[in-house]
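Some structures are shown below for you to check.
What follows is a pair of complexes built around chain A, which joins chain B in one and chain C in the other.
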Partner chain A sequence: MAADLAPIAAVEAPRSPWRQSMRRFLAHKGARIGLLMLAAWLIMAVGAPYIAPYDPNALLGKARLAPSLANWFGTDQLGRDVLSRVIFGSRISLTLGFVSVFFGLVPGVVLGLAAGYFGGWTDTLISRFIDAMLAFPSIILALVIIATLGPGIVNVMIAVGISAVPEYARLVRGSVLSVKAQPYVEAAWLVGNSSARIMFRHIFANINGPLIVFTTLQVGNAILVGAGLSFLGLGAQPPTSEWGLMSSEGRQFLQRAWWIAASPGLAILSVVVAFNLIGDGLRSGFDPKVRVR
Partner chain B sequence: MQRYVLGRIVQLIPVLLLVSLIVFLIMHALPGDPAVLMLAGAEGGMTSPERLAELREQMGLNDPLAMQYWHFVSGAVTGDLGNSIRFREPVLTMILSRLDSTVELALFGLLCSLVIGVPLGLLAAARQGGWIDAICMSLSYLGASIPVYWLGLVMIFVFAFNLGWFPASGGTTWNSLVLPSLSLGLINAGLVARLMRSSMIEVQGEDYMRTGRAKGLSPGLLLRRHGLKNALIPVVTILGLQFGNMLAGTVVTETVFSRPGVGRLVVSAILSKDYPLVQGAVLFLATVYVTVNLIVDITYAWLDPRIRYGR
Partner chain C sequence: MTDPLLSIRNLAVRFRGERGDTMAVDGVSFDLHAGETLAIVGESGSGKSVTMLAVMGLLGKAGVSADSIFGCGHDLLKASDVEMRAIRGRQIGMIFQDPMTSLNPVLTIGRQLTEMFEIHLGLSGAASRKGAIDLLKLVGVPSAETRLKDYPHQFSGGMRQRVMIAMAVACKPQILIADEPTTALDVTIQAQILDILSGLQREFGMAMIMISHDLGVVAGIADRMLVMHSGRIVEQGLVDDVFAAPKMPYTRSLLAAVPRFDLETEMTR
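Now for the complex of A and B:
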C-alpha cells in the first residue's frame, strides 16, 4: 500500500507531515474498518436509550429465553433483554477506555518528558521509579490500587490508568532522548525559550506520533483489563449493565443459556478489535517505514 | 559471563527494594484500620477500645511508618510476610501451598503459546502473504482483543459441556490443566507468531545467511543452525514479558476455571480486605516476575555474545 501511495505524494504539492500521516492512515484498509466499527459503537453508546429495544433493567417476565426475534440476544437469568444490556454496556466500557487512558497518559507524559529532557539525577530518579513499577505485571498493579481504593467501576478506571503510567513514561522518555540532540531543540534553547516551553511546544510536538499510536492501542487494552476486573467482581456492581460483570453473571448458566455470557464478550471483542485496527493504521500513518503487511 | 550475571543480580536489589516500598506505601494509604478489620472479622465485631489498642501495639501499627516499612522488608527478606487477617495463617505458607498450581498453569500456558506461535510464525515467514500468514495475522488480532475470561468460557462451553473432553473446572489431574493453559496460550500465541515471523524474515536477509548459502550449506542446516538460532533471540527476550502476561492471566483464568492458585488468592484477599495477604502475595508475584526477567536477560546474553561483551 505504501508503494501505490508514493506517486500521489510526488505529484501533489508538499503538505504538512500531519496531513501526510492522516492520508496514509486513511489509506489503510484495516483502519477504515476499525473507524467504522468504532463509529457504530459510539452511536450505540450515545443513543442507547433510543436504540435499545428495552429498558436494560426491565424484567420481561421470562428468564433465560433463547435468542429470538423479540429478544435478539435472548434474555438473562433475571429476564432482562441481553441486547439492550449490551448496548447500554457500551457506555461504560467506552467511558472506561477513554477515562483510564487519560489517567495514564497525563502523569506518564509529564514524567517521561521530565526524565528525558532534564537527564541527570531527575532521570535516574524517575527511571528507577519506572523500573520498579514495571516490575509488576500491569494487572497486578491495577489489583493493588483497587485493593487500596476498594472495588467499583470508577476505581477500576483509575487503577487501570495508573498501571499504564510506567509504560507511557518509558515510551515518552525514549522518544525525547531521540529528538533532544536535534538542532531545532538547541535553537529553541538558544533563542531563550523556557524549559517548559521547549518540552511541550518543541519536543512534545515532535514525538506525539508514537504516543498517539500507543494511546489508541491502550484504549482497547484498558477496556479489556477493566472488563476482566469487573468479571472478578472488583469493578462494576450489579445491577449495572457492564460487559465483564454480565459475563460473570452468565457464567453459571453457561451450559443452558450460553447467550448471557457470550453476547457481552463478542461486544468487547469487536470494540477492542476496532481500536487495534485503528492503532495499526495510525502506526503505518505516522511511521512510513512500517510496511502494511 | 559470570561477571555479567553477578552484575545483573546486584542491579536487582534496588529494584526489589523500590517494589517493596511501592507495595508498602500503597497499602498504607488505605482508609481502613487493619486492627479494626481483624477484630471485626475474627471476634464478631466485639471491638473494645482496649483490645483494639492492644492489637495495634501487637501488629506494630503504632510505630512510625519508616519503622513499619523496616519490619516489613526485614521480615520479607527472611521469608516472613506476616499473617493473613482472615485465615490467621502465615502469608508465605498460604502462597507456597498454592504456588505449584499457578506456576504449572503459567508454564503450560507459555508452552502452548510457543508450540502454537513459533511454528506458525516460521510457516508464515516462509510463505509471506499466504493463508498461513493470514491465520497468523488474525490470531494476533484476536489474541490482543479477546477477554481472557471469555475465551475460557468459550473453551468450557465447547470442550467441556458439548464435547466432554476435559473437565470444566477444578481438578488436580493433568487434563484439568488443558483448557486453562490453552486459553492463556492462545491469547499470547498470536504475538509470538507475529514476532517469530518478522524476526525470521529479517534474519533471512543477513550477510551470514548469504555466506552460508554461498559456501554450500544445505538449506535445512542453514535454517536450523544459523537462521533459527538468531531469529529466536527476539522471541526469547519477550519470554519474560510473556511470563508476566501468563502470571497476570492466571489471576483471571484461575477464577474462570476455579483453580486454587495464587491469582485467585489475591482476588479473594482483595474482596475480603485481607491486606497483609494482598501485600505479601503481590510482593511475591512481583519478585517472581522480576527474577524471571533476569533469567531471560541472562539467557539472552548467552544466546547473543554481543550483549555480554557490549558497552
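Now for the complex of A and C:
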C-alpha cells in the first residue's frame, strides 16, 4: 500500500571534497581556538584607532611606568602607552604576514608547477635553483635581499616573501609529481586540454590542500621573520609601532622595565600560535588520514 | 574502397631502460575504415595500449617511429602540438580501462563534461550545460540535470564509465578508441556498456578500435581483429574467420584459453 511506504529519503546533497575538508577543519578544537585568536587580532588591527586607549605615538609624560589600570601594559622608554602601540603594531604585522606570503606563494607555485609538470631540463634548472636557495636559512636569505633593496617595511615584505619561494616551489613540485601520474591527468591530456589548463585546472585543484596548510603556517613564520628583521633594525623604522622594533627598543630595559619588550613579544607569540593552530586544523581537514579528536 | 580513417605503417615504439631498450611495439601496420569496429587483442604487455597511445601522441616524439600515421585526414607524425590538441577529443575520442581513476576527483562531473565543449566547440554557459545533460541522457545516466553537480566519488563504477563514454563522444569524433572499457566492471554492467558503445557507434557513424583481452567481448562487437604478441601483429582478419580458423599457434592458444559452452570438454563430459 502506498501509504505504508516510507517517504523516499532525500538524496544527500552533493558534498564537494572542499566542503568535506572544511567540515573536518571546523571540527578541530585547536583550529577553532586559533580562529578565535586570529579574529581577535584582526578586529584589533582594523579597529585600532577605536580600541587603543591612547595615540600610539603620544608621549604621556612618565617613561617606563609599570603596568597599571591607566596603562595596562605600562609605558615605554619615551613614555608612550605600550598597549596602544601593540594594538597598532598588529596592523603592520598582519599585513606583513599576508602580503609577504603572496610574494612567496605566486612565484613558488608557478615554478613548482612548471618543474613538476614539464620535467626534463625545466625541472633540472628550477630544482637546482631551489636547492641553491634552500642552502641558506630563510632569515639569511631575507637579510641578503634586504641588503640589496635597502631597509623598510615594504622591502621586508618582499624579502620575507621571496625567501619562502623555494619552499613553496619544492612543496608544489612534489605534489605535482604525485598527481601527474594519476590516470585522470593522462585522460585530461587525451581529450585535448592544453598544458596550461591541465596544470592550473586539473593538477592545481588536486594539490591545494597541502598548499593551503603550508601557506597558513607560513603566515605565522613570515610575521616572525619580519619582526626579526625589524628587531635587527632592517625593517620598520622608529617611531613606527612595530612589534619587532618595539622588542628591540625595549631590550636594553629588560631588567628594569620588562614589559616594554615582553608585550610585543607576547603579541608575536599569540599570532604565530594562532596561525599554527589553524594550520594544524587545516592539515587534519585536508588529510583524511589524520583523525579528528 | 574509400581511404581509411586511420592508417598506420610500420609503427615502432622503443622504451629506454637501464638494461637497454625495449621494443614495446615493433612494425605495426593496419588500417581502420569508417564505421567499422576493429579489435586489438593480446595478452598484457603485448603492445595494444601502447600502439594507441603512440597514435594519440601521448608518448611524445622520442622513441616513437613510423613510416606514416594518417588519421582523420591529418599526418599525425608531423602534426604540431596545437594541431594534435585539436584532434584529440575532437576527432579521436578515447575511453580508458579504469573509470574509477580516470575522472578528476575534485571537479564535478558537469565541469568535466562541459570542458569538452569549451575546449573544442567554444561553447560555454547554458549551451555547454545543455550539451552535458543531453550526453548524460544519451549514455543512460538517470536524473542527468542533478547529477551534473555530483563528484566522481558519488558515482558507481558503471556510471563513471558512462560518464567517460559521454566525454569521449561529446564532440562526435570520427574514431573512438576504447582501451579495455569493460575490464574493471562486473559482467552485467559490461554488457550494458558494450550496448551503449555499439549504439553510439551506429548513431554517430564512428569507427571504433576496441582494445581488449576479452575474446568474448571481441566476438560480440568487432568486425575485424588484430592479434598482438610481443609488440607485433601476429594475425589479422575478420573476427569470424579468425575465430573459425586461427592460423597462428598463439591465436589458437588464446582462443583455447577461453571457456566455451558450445564445445564439450574433458571437464563437462
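The rule is simple: the second predicted complex is superposed on the first by the 276 of 293 C-alpha atoms of A that agree within 3 Å, B and C clash if a C-alpha of one lies under 4 Å from a C-alpha of the other, contacts with A are read in each partner's own complex, and residues count from 1 in each chain.
Keep this in mind: a contact is a pair of C-beta atoms (placed from the backbone, for glycine too) under 8 Å apart; a residue touches a chain by one contact, two chains touch by 3 or more.
Keep in mind that what you see is a predicted model, and the values were worked out from it rather than measured.
In the superposition on chain A, A:99 makes contact with neither chain B nor chain C.
Annotation for chain A, partner touching more residues between chain B and chain C: B. When both complexes are overlaid on chain A, the residue A:38 reaches neither chain B nor chain C. Of the two partner chains placed by superposition, only chain C is touched by A:188; chain B is not.
Look at A:160: by the touch rule set out above, it reaches neither chain B nor chain C. In the superposed model, A:199 makes contact with neither chain B nor chain C.
When both complexes are overlaid on chain A, the residue A:245 reaches neither chain B nor chain C. In the superposition on chain A, A:16 contacts chain C only, with no contact to chain B.
Interface residues of chain B, counted against chain A in their complex, comprise 14-16, 18-19, 21-23, 26-27, 29-30, 133, 137, 141-142, 144-150, 153-154, 156-157, 161, 244-245, 247-248, 251-252, 255-256, 266-267, 269-271, 275, 278, 282, 285-286, 289-290. Looking at the complex, you find that chain A touches chain C at residues 11, 14-18, 182-184, 186-194, 197, 201-202, 205-206. Contact residues on chain C toward chain A in their complex (touch as defined above): 56, 58, 85-90, 93-94, 96, 98, 101-108, 115-116, 119-120, 146, 149-151, 153-154, 164, 167-168. Against chain B, in their complex, chain A makes its touches with residues 128-129, 131-133, 135-140, 143-148, 151, 220, 224, 227-228, 231-234, 244, 247-248, 251, 254-255, 258, 261-262, 265, 268-269, 272-273, 276-277, 293.
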